[in-house]
Structures are given as structure tokens and as C-alpha cells.
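One structure is given below, represented as C-alpha cells, and several questions about it will come after.
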Amino acid sequence: MHRGMSRWVIAAFAFLGAFVLCAGVASAASPSITAIVTGGDKAPIAGVSVSVTGPEGFTGSGTTDAEGRATIEVPAAGQYIVKVDEKTLPPGETVKDGPERTVNVLSGDKKALFPVGIGGEPAGGEDSGSGAGEFGAQVLQLIVDGVVLSLIIALGALGLNLIFGTTGLTNFAHGELLALGAFTAYVFNATLGLNLIVACILALVVSAAAWGWGQNYLLWRPLRKRGTGLIAAMIVSIGLAMTIRYILLMIFGGDGRFYTDYAGQSGLEIGPVNITPKAIILSLLAILALTATVLWLRSSRMGKATRAVSDNPALASASGVNVERVIAVVWVLGATLAGFAGMFQGINNNVAWTMGQGLLLTMFAAIVLGGLGTIGGAIVGSFVVGMSVQLSTLIVPTQMKTGAALALMIVLLLIRPQGLLGKPERVG
Amino acid sequence: MPGEVAAAAQAALAVVSPEPGATKPDSILVADSVSRHFGGLTAVDVAHLEVQRSSITALIGPNGAGKSTLFNLLTGFDNADTGNWTYEGASVTNMPSYKLARKGMVRTFQLTKSLSRLTVLDNMRLGATGQKGERMGAAILPFIWRGQEKAITEQAMALLERFNLAAKSADFAGALSGGQRKLLEMARALMLKPNLIMLDEPMAGVNPALKQSLLDHIRDIREEGTTVMFVEHDMDMVRDVSDWVVVMAQGKVIAEGTPRSVMGNQAVIDAYLGAHHDRNLTASGESLTQGGNS
Amino acid sequence: MDLGFALTQALSQAIGVTAIIYLLATMGLNIQFGYAGLLNFGQVAFVAVGSYTIGACVMTVAPAITSWWPSAESYILWIAIPLALLVSLLLSLLLGIPTLRLRADYLAIVTIATGEIFRLVVKSIEPLGGVQGISGKIGANFYALNPFPDVDRVELGLVTYTRSDIWVVVVGWIVIGLLLLLTWALMRSPWGRSLRGIREDEDAVLALGKNTYLRKMQALILGGLFGTMAGIFWVVAKQSVQPDSFVPDFTFFCYTILILGGVARVLGPLIGTIIFWFLLVFTEQTLITAVESGTIGFLELTQVGPIRFILVGVALMLLMIFRPQWILGDRKELALDAR
């Protein structure tokens, strides 16, 4: 390892370490298993003995409380067997699919459901939207939810696409820029006690400076200088994504976190549609941010240079464009937009260590649908993906909704490989 | 002192009138109304083009004239918007590139495509067609392909000897110099025993010492009866080695003829000067910019 | 601190069931990525196909068909295995047809997406167990053939396995040995040479008259079948399968193993797997011991779990940056690696 390299590797670790330190006060949640024992009508059953066995001879046990829950902490990620002692159930009752569950604990709390008796529907999954209300109202609600999701995806996808366009990097760690933004705001807000608006503004600055400019300066710029290939760089980004994600898990634990302000805001009823004021304001801000970015790319000197670099880096460089400077600006912009997307998602739902990973594939789908490297395509693609994720729940179960959008991407690739707005270009 | 095949080809071409789209006595390749558009830009729009069998035909023109695009279209590396073309009398319009290569119409690339992390010998052996051991099922049964592999290796070593690369046969192709890679690519193309070999800028990036040897190889290839067509910017080479020159500008064939007649053609001079005021006709410019995906 | 315990734990993991699963999947990846240059980021989908086809056949299909084939449950596994391989082949076609003519990164995105689609869809299919997955005596047919004496634990020098585990481990390593031999035979053949050619430059190989699309498809299918074998071992060994086991990180673990051991080396995945699992488990066990004994005060026991993934992530980055051909790499080849 020669000296130049080791220096920036140390710097890169310091960069990651800084995050660990600045958030060190946040406590960690333990991985645990919660057994939920329910009878008919999902009524909880208390006083049931539950035992857990796991790797390295781990054993633990608990008794369900009034909510039918028994939470047993486990030492580490791994595979555990959760068993309900059927003798402690009400007489004559048995667990529907047998008293044993094998659960894989990665982190946080893993739930194991034990429906008891006859007619006790498993209480699994999310609730699949309100069955109440007529079909039209449901569609309208889904469209509104779809717009909100599309805007979040678009904020991420625009930066992802700009970075791809200017550097050729397929950045699998872009989702983590969302998560880093959201958690930075969380640290300012929940840990340091600042008002959420102030926290978000500070977090945007941190996103731009550390997670965007810093990441590019410490990691990607040296790699470009070294002539690291695009495939190698793609795999580096996968490693980075994993590293950041699990550092977040280690520090903040596996449960979703809420900001201290606006968390439980109740929704406004606008006709048949329910939407929270915070979602309206954030959506308007997102539209503003997207419009400003597109206008900036269209008209400003730097924006034009960015597009020139996307078209042909060698040519742009030969015509006097400072390619490295353009790339640095793109990283700052991309990280800021992604950070905002993360805070949007965090305020609207919650802040979780997997939030970036969850959105990464929808962002990829958006830019593949819209056309890799095209600016308008990223936004159009985001709306196609965001709307289809939400509207697909009319047809498929809620859990499948992201799958539906990804499947749509694959089908479209079959028909139009260059994407919706991409130039017809022979590839391969 | 041109060989017999060269003399015959030159004699055949002597009676052809030097005008765009001229009919040749014995054409191996005939193309009609081939066009390719990129967005609003017309990259290639060739009305008629014939290539005389066993000739050495040069394709020249200023940057962006559509020479490489025409090569890509004819060899199946790009899809034409219109047109049809025949090779050895049979239509091969938009035929997949690998099928064309098997029929003996073989090309090389402007940016040398030596397979870096394969040895020089493996690069050569890969060129042989009809290999039984390239079928997945037969691959695990060496007795099916071992005999053929031996013959291919002998053929490859003979060609490497001829191209002065035999000493490098065990090295990775990526370790060769630029000029040696050009030689390797040409030798590898010969493994397919081509009837028509299409060389895209064979001299680009080759040092002067190797140029002469490359020229000799091209002459030798033709003397074996193979038709050679090449794109080149090096006018000395064009003058030295070619029997016939086709000039393209803005996607069209604007002139054809013997090297001597073409170099004095006013339309050709205008095309070059119009496109590149400061361009030295002997320079080899166009290379570098092939951006994008690797 | 008891390093001996950590050491034997690490050793038994490095050659145990988990290692076998990852090794098989990585061997498939080696064919696809190492030899043919295909960016399959969804190897986990092939693994999942293996586990789920077996799980569904044994636990759902077999009981349903006993009415007209009374002994279905005695043979079902042996029918389910070829069926799983067939499904795997269909998945390769499904993935390959739209993407193998496109640029390499399209395959990357489509494969990773397919893995996620599979996981999300399976979660909501009740016959496949939904979120809970499938569990039961899935490997019964296999364990019925167990020739080891009926004792609780089998000691092999330093390491100890249960009677069923040792049977899985022995069969696993025999299968791996055969598949390594197959890989070696294929890759030294002209077919293997043309694959390596495609990895270096597909256009050049096309210009030499080879149908590159067909060969890429063959490589995708073969690598996928290896992945499916991993899934079959998984479900037989653990006798259960859950959708959330098949997260994208599984594939990234395989990439780390492959790059650690040496890309495009027949033995690369083998060496990579053993080192990877040994180091991973050893570090984890040592950390756990250190935390428990209070030697390391700043970590809680529950924070040790994520460290495994952080280590893998950092290792993947460092390996890719500094030594893409880590252990079996060829010096000459490394010097050329300017990609």
C-alpha cells in the first residue's frame, strides 16, 4: 500500500468515524425477538411461556404480557428458534402452524407470530390500505401518496443520474446519502435538541459538505486518479453502502426513529383525500428544489458545463471545462438533494437504517426507465415508478408494491432499452 | 515488384472509370443505398459501392465522413436505416456480425481490441472458426477437441512466426506494445481464413519502424487472394499500398479511382480543406475520443 | 479471553454448512462475473429459487398428491431437485433475454431488482408461507440416507458437528469437489477461452465469428444453477426457508468472497470462502468474548452483530481498491488490470 493511498484511506475512516462520534450519544437498541401470541379475533393471550434457542447454545425465555407479547433479547444476529410452550396456552388450544418458529435476526426486533385456535387470522403484514371508502376515493388517495413518493424518488434519482452521467459511476451507495441526511437531521433534532427546521438546514449543510463533497474528495476522486475501472468502482460503492448502513444500525439500532417535531401530525381531509400539512409543505419544497436544479442545469454556466461533461468528458476537458470541479459540484448537489429526500421520508414516515437501501432500487428503476444519464428522464422515470408503486396496490398485495414497479422496469427494458427519454443508441 | 494477384487486380481496375459508385469487373462486396441517421444527423448515405475481388481498396475522408460507421454497418456492428448489400453474391444485409465473420468477411477495429488478459496464443486460437470445443457440451470432453486444438495451435504459431510475435506467444496480450497489438489483431483475423478483410485504421498509433512491416503483411495477405479494404488517414500508406481509393465526405462517396487520380481530384481536396483547414493530410488525428462505457 | 473457543467456532464455520452455501453461490458468480464478465448482482435470486422450489415441493405439493401417489413423500426431494434446477434455468432465460444484448450495468440493475422482486412477491404468497416462510422436515428424504452412526455429535479433530450436519457437510464437499472439477474442465476448454474473450472485449469476439450472446447466456445459466444448488443445500440443511434470508447483501458477501479468493480462478471461491468465514467468525467470537469479559467497554453485546457486515463492507472496498486479485492473483495479470 503506497503512502498516498494509505493517507486517504485513513482519512476515509476518519470521515466515517466522525459520524460515529458525533452520534455516539445516541443509544443502541438491542436485537430481540418478540413473540406475539393471539387467539380468535386477534385477541392477545397473556401468560404463555416462550423460549428461544440460538447459536452457541444461547437460550432465553419469557412470558407474554397483557398484549400477548414476550420480548426476548438475543446476543447477536443469527438464526433462532422460538417455541411456545403449548401447555401454558388456554386448555385445548394449539398454535395454528405448530409451536415452533425459526427466525433470522439481523438486527432490531424480529417478530414471531403465534396465532392460536381456530379462526385466528395471522396478524402479519401491513394493513392493506383502508378498505372503507369507495374505489374512486381510494384511487385519489393513492395518486396523492404516489406524488409524494415520486418526489422523494426524484430528489434521489436526479443526483444519482447526474453522478452517473458525469463520472460513469453506478453508485450503489446513493441510497445511503438519503439515510445519512435523515440521520444527521435526527442527531441535530433528537440528540442535540434543536428545532427540526433548524436541524434540517444544518443537516443539509452537512450533507453537502461531508457526505457529498467529502465523500468525493476522499474516496472517488483518488479512485478516478488511479484509473479504477467503472466496474471496480461500482463494487466499491456496494462495500461503502454496506459499511454505512451497518454503522447506522450499530449506532441507532434497528427500529424506526421519529423526529421530535411534527411526528404525530394529523392529516387534513381534503375531499376524499387525507394528507398531512407537513407532506404538503415538503412536496412544495421538493418541487421547488427539482425545478431550481433543472433550471440551473439548463441555464447557468456550471450547469451547462455539467451537461457537457455528461455528453463527453474528454471533449469537455479539451474545451477548457474543469471536469473535476464539475464532478465535485455534482456530488455536492447530489448529496444535498438526496439528504433532503431522506429528511422528507424521515419526517413523513420515520428514520430507519434501511431507508436508503429501500429506495435505491426505485431510484435505479426511475433512471433506467427514464433513460440513463438524461436529466428529464430521471424525473419522468421517478413519477412512473412512484405512481406505479402506489397504484399497483389496487391490484397486488401491499408488500409486493415495490416489486411491481421493478417488474415494470424490466418489461420496459425489453421494449425500449434506451428508456423513455433516452436517445436511441446501440448498446453492446 | 507487384505479385501476380496484385498485377491482375490492378489490371482489372485500370479499365474502371474513376467515378463514385463505379461498377467493378469482379465485385466481392456490393452495397446499395446504405444509410444511417443519428437523430437529425446523417452519418452515412452511400448510393452505390463495389469492392473489387483481390484488390486493396482504401477508404479515406475527413473526420466525421462516416467511414467507420460504414464499416460498422457493413460488418453488422450497427444497424442500417436503409439499404442492402451482398457479399460473394449473397445478401448479407444487417446480418449479425458473427455470422458474417464466419462467412469470411472479417474486420479489425480502430481502437485495437486485443484481449488483454488472454495470452497472445489464446488470442490467436480464439480466432479459429468451427471449433468443436467451443460447444459447451463438448467442452468437458477433451478427446473431442484435442486433435483440432493441436491443429489450431500449429496454425496460430505459424501466423505468429510470420508476424514476428512467436516469442511473445505466452505473454498476456495486454503486455504488448501498441504496434504489436495491431499486428496481433491482424494475425488473429487471419485465423478465420478471410476472403475479405476490413481493417479500420491499421496504422493508427503504430511506430514508423513497424509501419513498413504492416504494409508488407497487407500486401502478402492480398497475394494469397484475400481482398483487403481499409480505412486510413495515413496518406503515404494509401498511396503506397492501395490499388483503388474510395473517398467519403459527409456520409457520401464523393470520389473513387486509383490513388494517383484521387489525390489530384479537386472535389477531394475541397472536402478535406472544407472540413479541416489546418489539417495535414499525412497526420493521423482521429483517435482518442471514444467516450463512455467500458 | 478464551481464544480456543473462537478458533474452533471459526474453523467449524469455515468448512461448515454456511460456508458450503456461500461457496456454491460464489462458484456460480465466478463463472458469470469472473470468467464471462457478467455483472450478476442477483445471485441471491437463484439461491432463493432453489430453496423455495424444494420447500414448496416437499411441504406443500407432496402432501397434496399423496392421494394418487401414496409414496410421494418418500421420493419428493429427488423430484424437487431437478425441478428446482429447471426453474433456475428458466429464471436465467428470463433475466438474460432482455439484458444480455444491453450494456453491462443493465444486467446489474435488472438482476438485483429481480432478487428483490422475488423476495417481495414470495412474502405475499400464502402457499409459500408468506412472511414466515416454510419450515418442517424438508430434508427428510436426504437424512434418511445418513450413514453416520446414531450419535448426538460427531467429533472431527478440532471441530464437532451434529449427526445431520456432518452428513450435509460431507455430501456438500463432495458436490463442491465435482463442481470444481467441472469448472476446471470447462474453463480450460475452447469454450472457456471464448468466455474469457467476451469478458475482455465482446465486440472483438463477435468479430471473430463467435455467437457471444449464446455463450453469455450459457454462462448465466450455469452460474445460476450453481446458485440454485446453494439454495438446495440451504433448505435441506436448515429445514426452513424465509423470504428475508434472501436480501441483496447475500450476493455482496459472495462478491467479497470471490474477490478475496481470486476472480477467474477455479479455486478462488474455495480459498475465499474458507478465509472469509474463518476471519469473520473468529473476529466476531473474539469481540463477543472481549465484550462479555469487559475487555472492550465501548461496545454493547448487541452491537457486535452489525460489525460483521461493516467488516465485509470495508473489506470489499479495500480489496477492490488495492488488490482486485488478492490471493490467487497473477502478478502479470494484475499489472494489466487497468480497467
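Going by the order they are written in, the chains are A, B and C; count residues from 1 in each one.
In this text, contacts are C-beta pairs under 8 Å (C-beta built on N, C-alpha and C of every residue); 3 or more make two chains touch, one makes a residue touch a chain.
Everything numeric in this text was worked out from a predicted model, so none of it was measured.
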Centre-most chain, if every chain is reduced to its averaged C-alpha atoms: C
Pair joined by the larger number of C-beta contacts - A-C, B-C: A-C
Approximate Å spacing (C-alpha centroids) for the pair chain A, chain B: 51
Chain centre separation (chain A, chain C; CA means) in Å: 26
Distance from the mean Cα position of chain C to that of chain B, given in whole angstrom: 45
Shared-contact residues (touching 2 or more other chains) in chain B: 293-294
Chain A, residues touching no fewer than two other chains: 229-230, 427
In chain C, residues with contacts to at least two other chains: 103-105, 337, 339
Sites on chain B touched by chain C in the complex: 75, 77, 96-99, 101-102, 106-109, 113-118, 122-123, 125-127, 129, 131-136, 138-140, 142, 145, 149, 171-172, 174-175, 188-189, 191-192, 293-294
Interfacial residue positions of chain A with respect to chain C in the complex: 1, 5, 9, 28-31, 56, 73, 75-79, 97, 100-107, 113, 122, 124-125, 170, 223, 226-232, 234-236, 238-247, 249-250, 357, 361, 364-365, 368, 372, 396-400, 402-403, 406-407, 409-410, 413-414, 417, 427-428
Residues of chain C touching chain A in the complex: 9, 39, 41, 97-106, 108-110, 112-114, 116-117, 120-121, 123-124, 130-133, 135, 202, 238, 240, 242, 244-245, 247-249, 252, 255-256, 259, 284, 288, 300-310, 312-318, 320-322, 324, 337-339
Contact set on chain C toward chain B in their complex: 103-105, 182, 185-186, 189-194, 196-197, 199-201, 203-212, 218, 222, 332-333, 335-337, 339
